[in-house]
Amino acid sequence: MKTKSMKKKIFTLLLAACMVFAFGLSACSDGDAGAGGGGGGAGVTGDFSQPARDLSKGPIKIAFVPLGASGPTMPTAMRGYYDALGGEDNGIFTIDVFDSQFDTTKQIQIMQDLITQKYDAIILEANDPNAVNDVIHDAEVAGIPVITRNMAATGPKIAHGLNSDYRAGYEAAKYIQANAGKADDANVVILDVVPELKPTTRMGTGFEDYLKENTSWNLLETQPVTDTSQENGNTIMSTLLAKYDDIDIVYTVNDDVAVGALQAIESAGRENEGIVIWGYEGHPLALQAIKEGRIYGTSFCDVYKQSYSTMILIQYLMQTGITAANLGMEYTPLIEYSTVPTVQGNIDEVLSAAGVKLE
Amino acid sequence: MAEQKIVLRTEGICKSFNGVQVLKDVDLEVLSGEVHALMGENGAGKSTIIKIITGVYVKESGQIYIEEQPVEIWSRQDARGNGISVIYQELSLVPELSVTENIFLGQEIMGRFLPDRKEMRKRVQALIDRYEFKINPDAIVATMGMATRQMVEILKALSIDAKIIIMDEPTSALSTAETEKLFSTIDTLRAKGVSILYISHRLEEIYRLADRLTVMRDGINVGVLDHDEITPERVTTLMIGREVRKNEKTHLREPNKDHVLSVKHLKYRDLLSDINMDAYGGEILGIGGLVGSGRTELIKCIYGALKQSGGEITLDGKPVNKVIAKNIVGGMGLVPEDRRTEGFFPVLNIAENLTVASYDLLAKTGIISAKNEKQFAADAIRDYDIRPTTSTVPVGNLSGGNQQKVVLGRWLSRKPKVLLLDEPTAGVDVGVKAELYRLMEDLAEQGAIIIMVSSDLEELVNVSDRILIVHKGRFFKEYLYENASQNEILLASSGVDTGKGRLL
Amino acid sequence: MNAEKGKFLKAAGSIWGQRVTILVAVIVVMAIVQPRFFSSGNMLSILLAIAFYGVIASGMLFVVLIGGIDLAVGSEAALGGTIFTMYVLAHDMSAGTFFTAFLLAILVAILVGLLHGFFDAYLGMPSFVVTLATQYALYGLTQYITKMNYLPVLNASGLFYQLGNGKLFGIPSPVIWFVILAVIAAFVLKKTPYGRRIYAVGGNPHAAELVGVSSKFHKMTAYIICAVTASIAGMLLVSMNMVSSYKMAAGYEGPVLMALVIGAVNLMGGEGSMGGVFFGALLVGIINNMLILIGIDTDYKEFVQGCIIILAVAINVYTSRKSQGLVDQKRRRMPWLNRPKRGAPDG
Amino acid sequence: MVLKPKTIRKLITIGLVIAMALLFGMSTESFFTVRNITMIFRDASYVGIIALGVSFVVIGGGIDLSANGIVCFVGMACARLGVLAGFPAPVIVIVGLLAGALCGYLNGLAVTRLHLSEFITTLASGYIFAGFAVFLVFRENGNVASAAVTNKAFLALGGHIPHTYIYISSVVWVLLAIVVYIIQTKTKFGLHTVALGSNPKSTMMSGVDIDFLKLIGFVLAGLFCGIAGIFQVAYQSASTLTLGDSMGFQAVAVCAVGGVVLGGGKGDAMGAFLGALFMVILLNGLYKISPSPSIQFIFQGLIILVAIFFDTWFNRMMEKKLFSDAVRKRKNQTPLGAVKAEG
């Protein structure tokens, strides 16, 4: 009776609206890739003449867009940048930090904003290798050199500082195999990032690849740790300890999780089983534990040196006005900042070399 | 008057609720173009017959005729379909929508895809012009006062070319000016041949508006009066029937003068202008008056629930506190009028509802002692015969009578010095009523002051030792138990001084 | 009358009956699939995992009971923990500093609670959107005072260290705090007038006023209790991790709400017990633990949690409606449906 | 011409938006550039389109927090199809829309058939739909990986309208706002939704099928989340699982700022549109004044508080005006004495 027909009418109306909407949308977008449109893709060349900058005068604004604007390594990174620019109050250069909070859309919005505000250089930690290509391309077209760090981005850009995650994982596995003296069929557990961040934070993948290719270790499990936080690392590690009797190697995606895993092992009373824990990046708590021999080692990123050298490179690029676009580069020049495998043995000299002191 | 055909007629309508016969063979007749009034005490079956005609309840036997055609009414939809529409006290309008949208809600006139606004607006304007309402069809209801909203409700009824409009206590929320506006609207409707069934307590309204009046008592239609037959005496005798004193007072308690709650020149907004009274220990003081004459506001001011605008209240000489919690500790208690919203806590169980006001007794050390609480609840359940007897049952699932017993028991178990009751036995079956009266008498026996606001004339007359009638913001008349009669009280409530009783 | 009485006992009994059956089911499954579930280490790890948002849940219960909600518990915990750490770092590891830092964090929490209480009780603003706004504001505030840095505490010792890492008879201190706060909350709600009045305000605010219960006072105190428990959770977290960051405890309102809902707490107010909340928190911890032990692909952890919430809510709604005989509510809500068939005898 | 309360409320919000834009415009010169304005409209279009959909549910007296799950799921579904270049763009869009509508339908069923409380059910279904997205994600030997969407026509959706700076998504957002406004104020469905939100009992008594209304409300909310998901994926040219993060709560906050308040019956599509614009201008402007995220978060929180306070106060004023008439209870009438007093 009445309501039944009304229901059918509303549903057909809805469906029709969808069809019209869909076709309408795609019709108006069938045009060519469009100058401003997406789909930049690799290998676009064009004349991007850009005047060389005289770095001695005028305010020069440099933007640093990390994945997450906090973390134990932030202060050292900023110190590295400012030292390369001649101290915080050098009067010419200013550095602004934009926190993208691990959100790709936000990162792209920030980048576009920097272009409109005509920043002079951008240091970017990409949140998604493919999503940022177009916006890097726009920046380069606008004559702003973009250096990406840690997470790779597939499109071409002036330089990519690669103390990358993948390599750190790969090297860590190699170092452990060579020096930790673990049996060939050692049991391995990886505490990795949550699925969403897997494409960009690839230490776990690097460690796993090395493990599969050159060792006969037995990978028990890979567990994601939400927010890579210390307490979640602690909980998940203690569950794994309950699940497996003998765990030989624990590879963690960062030092917070490593310290968490250590706490789990100690509260389970299994600290004397010689479980090798390997972290990443070199946070103060982990470095202290390494000194005391409770954590086997970590891939120490000499953040200070990396940021110092990155800033020197940027000054050079700004001065010469070179960008990947105007050089017509097809690929991205890679600058490898190798992470330094740091263990109890070499920790003192590594820290003194990096100018980091454990107060 | 021109020969009027019968618009609505009911014949032999019967209805009973769990065994209690509420309507016995009720015949009702409304002519076209007539304003037919319906009066009767609470519980006389007045609202039940209306609910049956409008499809809220389903009748057990009897037949309803619309314009002499037998009709079957099972639901609100059927009632509306047959041209019967109702205007309740809480209006059914949607404040956010315009007048036209409200009137056609659920039955919009459709154009091709969208509702045909022009057509609907035209029809509403036609109605407005026809009945000389002064309303803008596009105005939003939220911007309107109560009276104008009622006119929109009437328009809504007229829009489905209702043959009869039933109005249930429409003036209870209106100011004097707004009531006058409603009366002139009703006059124009009558002139245009619309028949109205008007339900009200107020004699003067009936006299002013009604062509004919049907009076109901105890589920029976006891008489139909023509306009000129409507006199206060005829109406009250019909409503009350022969005076019978059900429970003769066994003995009259001597009120003890030194335990007194006295109220001097109490003023509350523009409702209560100058209230003066003294209530003595060991006496049940009944307060009569019409619905909306401010009796609830009076006892809430005493209790501290409302802030009075003037005057002062003292108990045994000491001024009464303004904070409810302190009054409770001081021995006061209030059984509110609306059980569901102000009385009990539906989710909490019987024990918790009973003890919620008595933590000063049960938790002297700051911790509720389970033993005392269980004992307190068990005593209450036994003394006040609350069923079911397990104290873990949520009160929300109890019957009306038991819920009222819980709310009353909450205070009685505290042995209060002053107990204020507001319509204590509304909606409670006769058996439970007698129990509640006995409990009140026992409490009075122990010397407590009891002030009972009630619209149930029989209850007022039989239970109270002394009765005060509120009229026009002040106490108008005082009756003692001996010379009180339901007739007198009803007249006094409307301001008629028949000589008996003390004029204040 | 006895039928009616039996029905309610069965319904009340059945809520805990349900919970026991769920626990038995878990025990049976785990005994077969992964007996290691029962090792003391694993049990402790579950308890430690749920300790933090369990502490918050026992405070949030008060707010939900009075018909409000507090989405800003995550930011409150981060703020409390950060202030606690900054004060200790600025001074020393002595017991005196520890207590002043502890009180300072509690004081800040009380301030936040007062704010929430004022917006809800006096201004009548909807607590959902208000606490959503304060969640952003407090998150930004913590970020601002820490200048977006981590605050590692390298030389943690004394009470600061014991708060998060101490052990009593082998039980980690956060778990002890959770159990203590849960017991206090249960006691206050069950045994004290204040607790009973919280239920009253949640159940029927008008009736509460007429029984001498000030709903404004109880709403204010409920929000304060919730903010204080969140701050305590933040301090426990900071002390255990020995590092504090503004991102800490972000998003804790998710598991806390889950614990409340699985614990059969009615989000509209007036209904719910601390026992239920404890069970809810425990079940959330057990589920996360089981996912790992059984080895279900943990990419779907949140998906499984979502399904369990829907299941828990459906069971609660079904049992409560059944006990009130509302299951055939459609009949009552739409009387025109119960029109007898033509010609069928009436009634 | 007497102004409807709703129009007064909207004029004030428009005034606020313009005032804020001027404030930011003066303090930083890069605010009023064409590029920046188009970017504001693009950023606002994502949360704005979702807010339009959610406004149906909120006006009807409910709430829908599952936006983040639906956006993520639809985004991943389109990315999946987008990678296989073979699928023509319209097909991808249709699949996206239907996926969104389906999620909304599931929400609607849970609320109307199972009588579950809307708040916690949509919060949980947000997680569940995000779980569907994880099911569809690209994986390289078991690990979640990101893959670039290669379907050119589909990607163009996320970009500009050819030869202009205006983004397709912002144009669609404005058009949808107008369509939704018409639906909510002119069609029968719209009026019934407002009635349901404002006075459920009388709506039911007027013979309106309430369950069907709620169901359609949720389906539309899901559909609009689908549209937002499509645009975001096309713009990002890759779908990550972080798509649509915290959109569920953002959309409700935006509606609240725009006057579409929880509880129902209040506000309309224009309010939701202005709320979205207001929030994004706030964030965009704050960005320019101080890039540090902490200031932004603090101001974002404060502005929502101010908007909510203003709204609660405004509604109270309207109610107070109504009750003041009714409270003046009727004083008693002329004494009946005037009536013939004899026997």
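Letters A, B, C and D mark the chains in the order given here, with residues in each chain numbered from 1 onward.
By our rule, contacts are C-beta pairs under 8 Å (C-beta built on N, C-alpha and C of every residue); 3 or more make two chains touch, one makes a residue touch a chain.
Keep in mind it's a predicted model, so treat the numbers as computed, not measured.
> Tell me, which chains sit next to both chain A and chain B?
Both chain A and chain B are touched by C, D, going by the contact rule given at the top.
> If you average the Cα atoms of chain B and of chain D to get two centres, how far apart are those centres in Å?
44
> Rounded to the nearest whole Å, what is the centre-to-centre distance of chain A and chain C, using the mean of the C-alpha atoms as each centre?
Distance between chain centres: 35 Å.
> If you average the CA atoms of chain C and of chain D, how many Å lie between those two points?
About 29 Å separates the centre of chain C from that of chain D.
> Residues of chain A that touch two or more other chains: which are they?
Those would be 69, 97, 99, 195.
> Among the residues of chain C, pick out those that touch two or more other chains and give their numbers.
Each of 143, 148, 246, 299 in chain C touches at least two other chains.
> Identify all positions of chain B at which a residue touches two or more other chains, and write them in rising order.
Residues 76-77, 113.
> Drawing the touching chains as a network, do you get a line, a ring, a star, a complete graph or other?
other
> What's the complete list of touching chain pairs for this entry?
Per the contact definition above, the touching pairs are A-C, A-D, B-C, B-D, C-D.
> Within their complex, state which residues of chain D touch chain B.
2, 4-6, 186-188, 191-192, 194-195, 197-199, 201-203, 205-208, 265-266, 318, 321-322, 325-337, 339-343
> In the complex formed with chain A, which residues of chain C make contact?
Chain C reaches chain A through residues 34, 36-37, 39, 41-42, 44-45, 48-49, 52, 143, 146, 148-150, 152, 154, 165, 167, 172, 237, 240-243, 245-248, 250-251, 288-289, 292-293, 295, 298-299, 301.
> Tell me, which parts of chain A touch chain C in their complex?
For chain A paired with chain C, touching residues are 68-72, 74-75, 97, 99, 195, 221, 223-224, 227, 229-231, 234-236, 238-243, 256, 259-260, 263-264, 267-268, 283-285, 288, 358-359.
> Which bits of chain B are touching chain D when the two form their complex?
76-77, 92-97, 101, 105-108, 110, 113-115, 117, 136, 139-140, 142-147, 171-176, 178-179, 202-205, 207, 231-233, 269-271, 290, 292-294, 471-473, 491, 494-497
> Spell out the part of chain D that touches chain C in their complex, as residue ranges.
Its residues touching chain C are 63, 110, 114-117, 119-121, 123-128, 130-132, 134-135, 137, 144, 204, 249, 252-253, 256, 261-263, 292-302, 304-305, 308-309, 312-313, 316.
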